[in-house]
Every structure is written in structure tokens, then in C-alpha cells.
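Next come two complexes built around chain A: one with chain B, the other with chain C.
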Partner chain A sequence: MKARAIYVLVVLVGIVYSLGTVYKAYPIVASFGIIGSMLLEVALIALAAAMFDEISDGTVQMYLAAGLSRLEYVVSWFLVAVVYPAAGITAAMLVPALVVDPATIAMPIVPYTIGGFTPSLLIIAIATCIQILNNVTVALALGLKYKSKGIAYLVLAFLAFLMPLVLSMIVSFLGALAGDYYRYYSLYLLMLPFNPLYSLTIFSSSSPIRLSLTTILSVPAVVALVFFLLALYITRRELEV
Partner chain B sequence: MIKYLAVLLLIPLMVTCFSLAIAYFYNPPITHTTIYFIRGGARYLASTVSPGGSPVFIYISQDHSQLLSQYTSTEAYTYYLLIRSVQRSTLPSIEKVELALFTSNSPVPHYAGSIEWSAASKIIGFIEKNKVLLADIALWGEQQVPLDSLKDRYVYLAVIAYLDPDTTLSSASRHYVLQDPLGSMKVSDAVEEDLGGNYTIASVLNDVKEAVLFDISRAYTIDVSIISRISVKSNVLLRLSIGLLLVLTVMFYDYRRNPESYAFLRRFFRGSA
Partner chain C sequence: MHSMSEPVVFENVTKIFWGSKRVVRALDNASFKIPSKTVAGLLGPNGSGKTTSFKLVMGFLKPSSGKVSVFGVDPWVRGESVRRRIGYLPEKPVYPDVPVYRYLRYVAKVRNASEEDVSRIVRLVGLSGYVWMNTRGLSRGYLQRLGLAQALIGDPELLLLDEPTANLDPLSRREILELIKDLKKELGITIVIATHILPELQEVVDYLLYINRGRVVESGMLEELATRYYVDAYYYIEVEEPRKLASRLVVEDYVRGVEIRDKSLVVRINAAFKEELLRVLSLPEYSIGIRRVEMLTSELGELYEKLSGSSR
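The block that comes next holds the complex of A and B.
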């Protein structure tokens, strides 16, 4: 039932992205990329937390008794709660653009410019996909490690909301004290492994720290993969049901 | 499993169909809006006198082609430049104002000063010939032109103001807040005809020029927007059809293979029947 709710949620959020793309409201799609992905991630964790309930109340035994291994059980949850939503949102952005005009996918989204950098729809779609993969995977993996959905909520809230907010406050505050806003700009590098959408705006061409697009997108993707492997390791070695 | 993957593609495709239908009735949001007029200085500013004895001021703006390229064009839409003009106040002492958006293959040269009517008429003729919008502006007007016609050309806004020859310079100076007192001399008195039949313009009218153009810039508001209208071409329909066909074919074969996994559809249709 929870899995079906995730499908419905992905479809509903995807409709918003698709409408934005067909209506060429690319700036809306780009802005919604950050807010929409945050809200989607929270909803995904809320739904995927059912996995922790199933483990704690023993419902999981029913699946395991039916021949499903622990690894298959956890991987299927990751597929439903992480991979499917990320793929769904990416498809919701790119498929309408492919129909309307394939050339626009790689075209810089004029007049939407973030910090001197004009991203294409493809980059925004990939960054949104990686952000969902990364944040939800990290939250689920750590939740699995401590067998606590509270930890998963906390980690997700930290990655999606608190970290960007707190870092910008610290950088601004310390910068104001030092009389140079950019003095502590390098603190934003802490965001690089987890927030590609923010990193696009922070490490763009006009910022004091410039990072290549490959770095901005690949670092969080690798981190997501590492945490997924960690989740598999925890499942094999530590997870007791 | 396949049905969920197919839905990933089917939903955006269906939303695309739906959105294109909506876009047919409700235009997508305006891509770019600018209000520009005399701001940014003139590229060409000249004063002259018409054969009828009216002092004429010609203003040509900076090139605006850069602004018009600030949009992302897509195949399913046709783009138009929409210009809305509103005259917010009357212009005393002015016989006629012509506003025109015109294009040119080459940039308009920089110039500021007086010219003879023979040269001015050529410029006015060039503007008339290449104008795309806004001729004989009314109190309120809205016009649109396909953006394709402006592609790769310089785009200028021109103002041609004809001063009323019967107005007095003093009334003009009261309105246009000139620095020097101009007495009760008529505008026509400030224009002299030389032996060759050409008119020369008194320097005092050059002082009026800036004030008149400034007043015109305050009197008119011009909003320039780029709008898009749905224009579904065969390529778009083809891509949409191929996408839908592929997804529905996959779903159909998946249904034939495992009809039970689509039980929810049967329940849905039974429920709605």
C-alpha cells in the first residue's frame, strides 16, 4: 500500500514538472527542482519509513517466509522509494521536452541564470535526480544502520533543509564579522557531496569557488552509491529481523 | 514491473498531450518582458524642419536586437513580439508623433545635431520602409509581429516628433521647462528659409528638442513582450505518436502476458461505470 502511495506521489509531482516543461516555464521547473525535490524527499522518507516499521513489528517475516531474502527485501524498498521516484521525476522533465522540441533539452534556459551560470533542462533534471537518489539513500541507509525511522527523518531534514540554511547563515555571519563575505565561502564545499541542486547555484561560473559540472554532479552520485553499498553491507552483516 | 516503468513514460506523454491542448486555448507564460523607450540614450538624434515649416525631431534608440534574443525557442510554438503602447498624457505644442519599431541590416550611425530636410526625409523614408510596428500610434495600441521577421537584424525604436508651427515658444517653454526665456515668438518664427528654399532651424529649437523628447518618453509607455502561441507541427505530432505507440505496445504485450497485474485497471473502470 505504501509502495502504491509512492507511485501515486511520483505521478502527481511528475505532472507538475511535465506541465512546467511543456509550458516552457523552465525557470519554474528549475526553481521547483529545489523545493519540489525537498518535499518529495520528505514524502518518500515518510512512506519508506514503513520498511522500518515492518522490520520492528515483524511483518517482514511474512515476506522472508515467502522466499524473499533480506537483501532482496531491502533492495526492493530502495528501488521503490529511491530509484523509481528519481527516474520518474527525470522522465517527467525530459519526456515532454523531447516531444515539444528535443533541441531544448541541452539548450541553456534563457533567461534563467543562476549566479552567472545558465543551466540546461538536462542538467537540472540530472541534478534533481541525483539529489533525490543521494538524500533518500543516505537517510535510508543511516536509518537502517540505527534501525530508526527518526534517524532517517533527521538525516533527510539535515541534508535537504538544515544544511543549506545553516551553512548560508554561518558563511554570511562569519563573512560579516571578517568584513569579507567570500572569506568563508569554502565552507559551502560541505554541501557538495549531498546537494547538487544547491551546488549548481553556489559553485557556478561567477562564484569565488568554481567547480566543473562533472564534479558537481559526480560527487553526490558517488556518495549515493557508497551509501547504497553501505545499506547492502548493513543488511547482510547487521540486520536482524 | 514493466507496467510501472511504462507509466513513468506514459504519464509525461499524456500530460504533454493535455498541456498542448491547454496551451491552444491559454498561451504559455510570457517569456520575456521589457519596457524600453528613450532610456539608455539615443543612437541618432537630429533636428530639422519640414517643408511646411514644422520643426521635426528624429530620435533613434540603441539597438534592441539583443533583448529580443533572450528567450528559449521551441519547435511546438511560434513566437511573436507583442507591443502594447499607452499614451498617458497629452503633448501640447506637438502636431504629430510617430513611433516606429524598425529593423535594419546594418547598424544606424551615431549622430547628434541638425540636418537638412532632404537628409531627414531619407531617414524617415527608411524608417517607414523597414518599420514593423507602431506606425501612427494611437492613445492605446497593441500589435504583434512574428519574431522570425526580426531575426539577425538590428532593431531600433524611432520617434519622429513634429512641433506645431503655430505654437509659441513661450508656451512650449512653459511646458517643456526650458532654461532660457523665449518670449512670445512663434515656433515658425524660429525657422528661416534660406535662398535655396531650405529651412534652417534656430538654435533655440535645439534646446527644445531634448525637452520634447523627454516629454514624449514620459507620455508614452511601451511594453515589449515575447509571447508564444501553440503551433503543433507535424514533427511534434510524430514524436508524440511514436512515444505513445511504443509505451502502449509494451503495456499491451505486458497485459497479454500477465493480465492479473492490471486488475487495478479493471476495478477502476468497473468502479467508474
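The block that comes next holds the complex of A and C.
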């Protein structure tokens, strides 16, 4: 049931992205990239928390008793709650552009120019994909470690909302105290492993800390992979149901 | 490598649950074996470690220490291969809210069983009229039938039934018990039933394992335990002239009851007097017509009381 809800949700969000791309409403695509992905992540965790409910109420035992392995069960949830939404949203952004005008994909989205950096639709799509993969994977992996959906909610809220908000406030506050806004800018590096969409705007060419696109995209991708492997390790070694 | 004659072997198994407020030692250095092709009763009061034992067999839990072996392999490490050979009915099964047939077909698909198997099992457990109902619409009795059906798909070699008649009304309880008896007769597989309701085991078990506070207090074939603990047992004697034998047996002071059934007798004696009974049956005037002698069951209630007493 929850898996079906995830399917419907991704289709609906995907339609918004697709329309934005088809009508070249890139500001919508770009801003929706950040806000939309945050909201989507929250919804995904809320739905994927069904995994923790199934573990605590014993439903998982019925699946395992049928012959599934613990790994197959957990990986299925990751496919439904992480891989499918990330791939679906990325496709929703890129496929319409490919159909309408393939050149659009590599063109900078001019209205999205922030700090002298103008990412293309392709970069925005990849960053959105990695952000979903990263945040939901980290939240699910840590939730799995403690068999707690509360932990998963908390981690997701922290990564998607609290960390960017709190860091901005701290950097601004400390910068104001020091009379130099950029003095504590390096604190934003804490976001690099988890928030590629934010990192795109923060570590752009005009910021005091400039990072390459490869760094901005590959670090959170590697972190997502590490947390996915951690989830597999936890499942194999210590997940009791 | 364990003998295949013992599908389940526990060797000094301890399972500790570390809670935030207290530590629970659900199993404490438990060692036992379940012989193949027996119907074993896993007895013990609530919280004695029965469900934990089942979960260890299924590979749902990892032992804190000791070794669990099911079909010769560690179920925690190779859970899925072990579970495909086990049918499991948990104490409180939770089913996805889908039509019965769809759920059973899913189980069959995972277990590489055919549609025909699903239909056969649906008929066997008496669910034929309910296959298109959603699982949430089933009564408790039919939910237990569904539990048995999903456990039987894929022809398991071992059936684990955790409190199969708990929370059922007397009629449903009777029906489920009859079903278990039929399974014993028709399938000839190893069945382990965990329960604290004794009468339901009376007619089906032939091996007994008593656990209390996580410790194995006693285990053995029912006949062996009945003899060891001096409890009443029922012996089935197939004989040419039951009336003649009955008239001889009723005068023996250790015989507590004799029931004549067509060409057989059911004799109730204290199991400690089994040898006495066999001596009478071997007398020339009776032994000629005797075709079969076997213990039907023993007074489990009495045995349970004695086992509980010895474990205090």
C-alpha cells in the first residue's frame, strides 16, 4: 500500500518537473529542485517508515518466512523508496527535454544564475537525483541501525531542513559578529556530503570557497553509497526481526 | 554436521534481549534436539522462551551465544535456504491486506510452488470459499487456516506452529486441532507446536520439550517421559478378542480403565507399569491374538504439573 503511494507520489511530482521542462519554466524546475526534493524526501521517509512498522509489528516475519532473505527485504525497500523516486524524478526532468529539444539539457539555466554559476538542466537533475539518494539512504540506514522510524524522520529533517537553515543562521550570525560575512563560510562544508543542491549555490564561482562540480556531486554520491553499504551490513549482521 | 534425523539442534544457546530498562535472558544455555518426523510439543508457561526458540530456528534472531543448527546449517547465516524448508505460523501473524488467494500466490511464487499447490492447500485447510476475501475480513479461525495454508505452501519439511489455537473459540480450536491431526497423518513431516494449552497437544504429540524461564527442563519421547514421571498413559492394543483381554486386564490393580473399541482396546495405566502390562500381554493365552501395542498418549496435564514442579 505504502509502496503504491510512493509510486503515485513520484508520478505526480514528476509531472510537475516534466511540465516545467516542456514549457522551459526553468526557474520553476530549479527552485522546485530544492523545495520539491525536500518535500518529496519527507514524504518518501514517511512512506518508507512502513518498513520499520513491518519490522516492529511482525509483518516482516511473514515475508521472511515465505523464503525472502533479510537483505532482499531491505534492498526492496531501498529500491522502492530511494532508487525508484530518484530515477523517476531525474527522468521526469530530462526525458521531456530530450523529446522537445535535446540541446536544452546541456544549456545553462540562465534564470538560475546564482553567484555567477549557471548550472544546466542536466546538472540540476543529477544533483536532485543524488540529493534524494543521499538523504533518504542516510535516514533509512540510521533508522535501520536503531530500528526506529523516529530516528529516520529526525535524520531526514536534519539533513533536508535543519542543517541548511541552522548553518545559514550560524554563519550569518558569527559573520555579523566578526563583521565579515565570509569569515565562517567554511562551516558550509558540513553540507557538502549531504546536500548537492545547496552546495551548487553555496560553493559557486563567486563564493570564497570554490569547489568543482565533480566534488559537489561525487562527495554526496559516495556518502550515499557508503550509507547504503552500511545498511546492508547492518541488515546482514545485526537486524533481528 | 548434524544428523538429518534431527532437523533442529540447539547447543548451549543463550539469547539475551538488552532493553533500555532491563535485560531479559529469554533462553539460558538451552540444549535440545527435535527428532525427525515427530510431532513435538514445546511446552512452557508464558514468557518461557518458546517463541524465542522458534525465531532462532527461523533465523529471525541471532543467538547471544551457543549454536543453532537447522537441517545442519546456521539459520542466522543462511536463513532463506532454511526458511524455504520450514512452514511457520507465528503466534500473532500479521498479513498484508490483500485477497487471500493473491497473498498465497505470492508465497507460492517466492517458494517456487505451483498454482496447483496453492489450490490443493486451500482445499486441505478448508479455505476454498474465502479465497477472494481480503485477509482483514477473515474471522480468527479462518485467519489461523490462512496461517496454516501459507505455512504449508512449498511442501515444508518442518512445520513450526506457535500457539496455533490461541484466542480461538472452542469450535474453531477443535477444527484447527483436527486439521493438525490430519496434517500429521497425511504429510508425515516434523511438526513443532508451541503452546501452554495442554489438551490440544494430548492427541497429537509424541515428543515433548518443556522450557521454563529460558531453560530446558526436560525433553524426550512422550512415552519415555510418562514412564519417568509416573503419569497415566493410554495404550492402544489391537487384538483378536478384545473382550477376553479386557476381562483379564480389569482385575489388574494398576489398570485404571479399559475401553473396548471394535477389535481393539484402549487401556489406561500409570506408565510406570508398562512392563507389567507387557508381561500380561505376553502370556500365551493372550499374545496369540495381539497384532499391535502402542502408546496413544499420556496425561499431559499431569506430566506438565510434574515438570513444572520439578523446575521450581
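Simple rule for what comes next: the second predicted complex is superposed on the first by the 240 of 241 C-alpha atoms of A that agree within 3 Å, B and C clash if a C-alpha of one lies under 4 Å from a C-alpha of the other, contacts with A are read in each partner's own complex, and residues count from 1 in each chain.
Just so it is clear, contacts are C-beta pairs under 8 Å (C-beta built on N, C-alpha and C of every residue); 3 or more make two chains touch, one makes a residue touch a chain.
Predicted model, so just to flag it, every value in this text is computed and none were measured.
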- Query: So, on chain A, is it clash or fit between chain B and chain C?
  - Reply: fit
- Task: Please name the chain, chain B or chain C, that touches the greater number of residues in chain A.
- Result: B
- Touching A:101 in the superposition: chain B (first), chain C (second), both, neither? first
- Item | First (chain B), second (chain C), both or neither touched by A:19 | first
- Message: Taking the superposition on A as described, I'd like to know which of chain B and chain C A:166 touches: first, second, both or neither.
- Response: neither
- Query: When the shared chain A is used to line up the two structures, what angle, as a multiple of 10 degrees, is there at the CA centre of chain A toward chain B and chain C?
  - Reply: 150
- Which superposed partner A:59 touches (first chain B, second chain C, both, neither): second
- Now for A:68: first (chain B), second (chain C), both, or neither, which partner does it touch? second
- Go through the superposed model and pick first if A:177 touches only chain B, second if only chain C, both, or neither. neither
- Note on the structure: Once both structures are superposed, the least CA distance from chain B to chain C in Å comes to 11
- What residues on chain A touch chain C, complex-wise? 1, 57-59, 61-62, 64-70, 72, 238, 240-241
- Query: In their complex, what parts of chain A are in touch with chain B?
  - Reply: 7, 11, 14-15, 18-19, 22-26, 84, 87-88, 91-92, 94-96, 98-104, 107-111
- Within their complex, state which residues of chain C touch chain A. 55, 58-62, 79-80, 83-84, 86-88, 90, 92-97, 106-107, 110-111, 150-151, 153-154
- Task: State the interface residues of chain B toward chain A in the complex, per the touch definition above.
- Result: 4, 7-9, 11-13, 15-16, 19-20, 23, 28-29, 31-32, 69-77, 228, 236, 239-240, 243
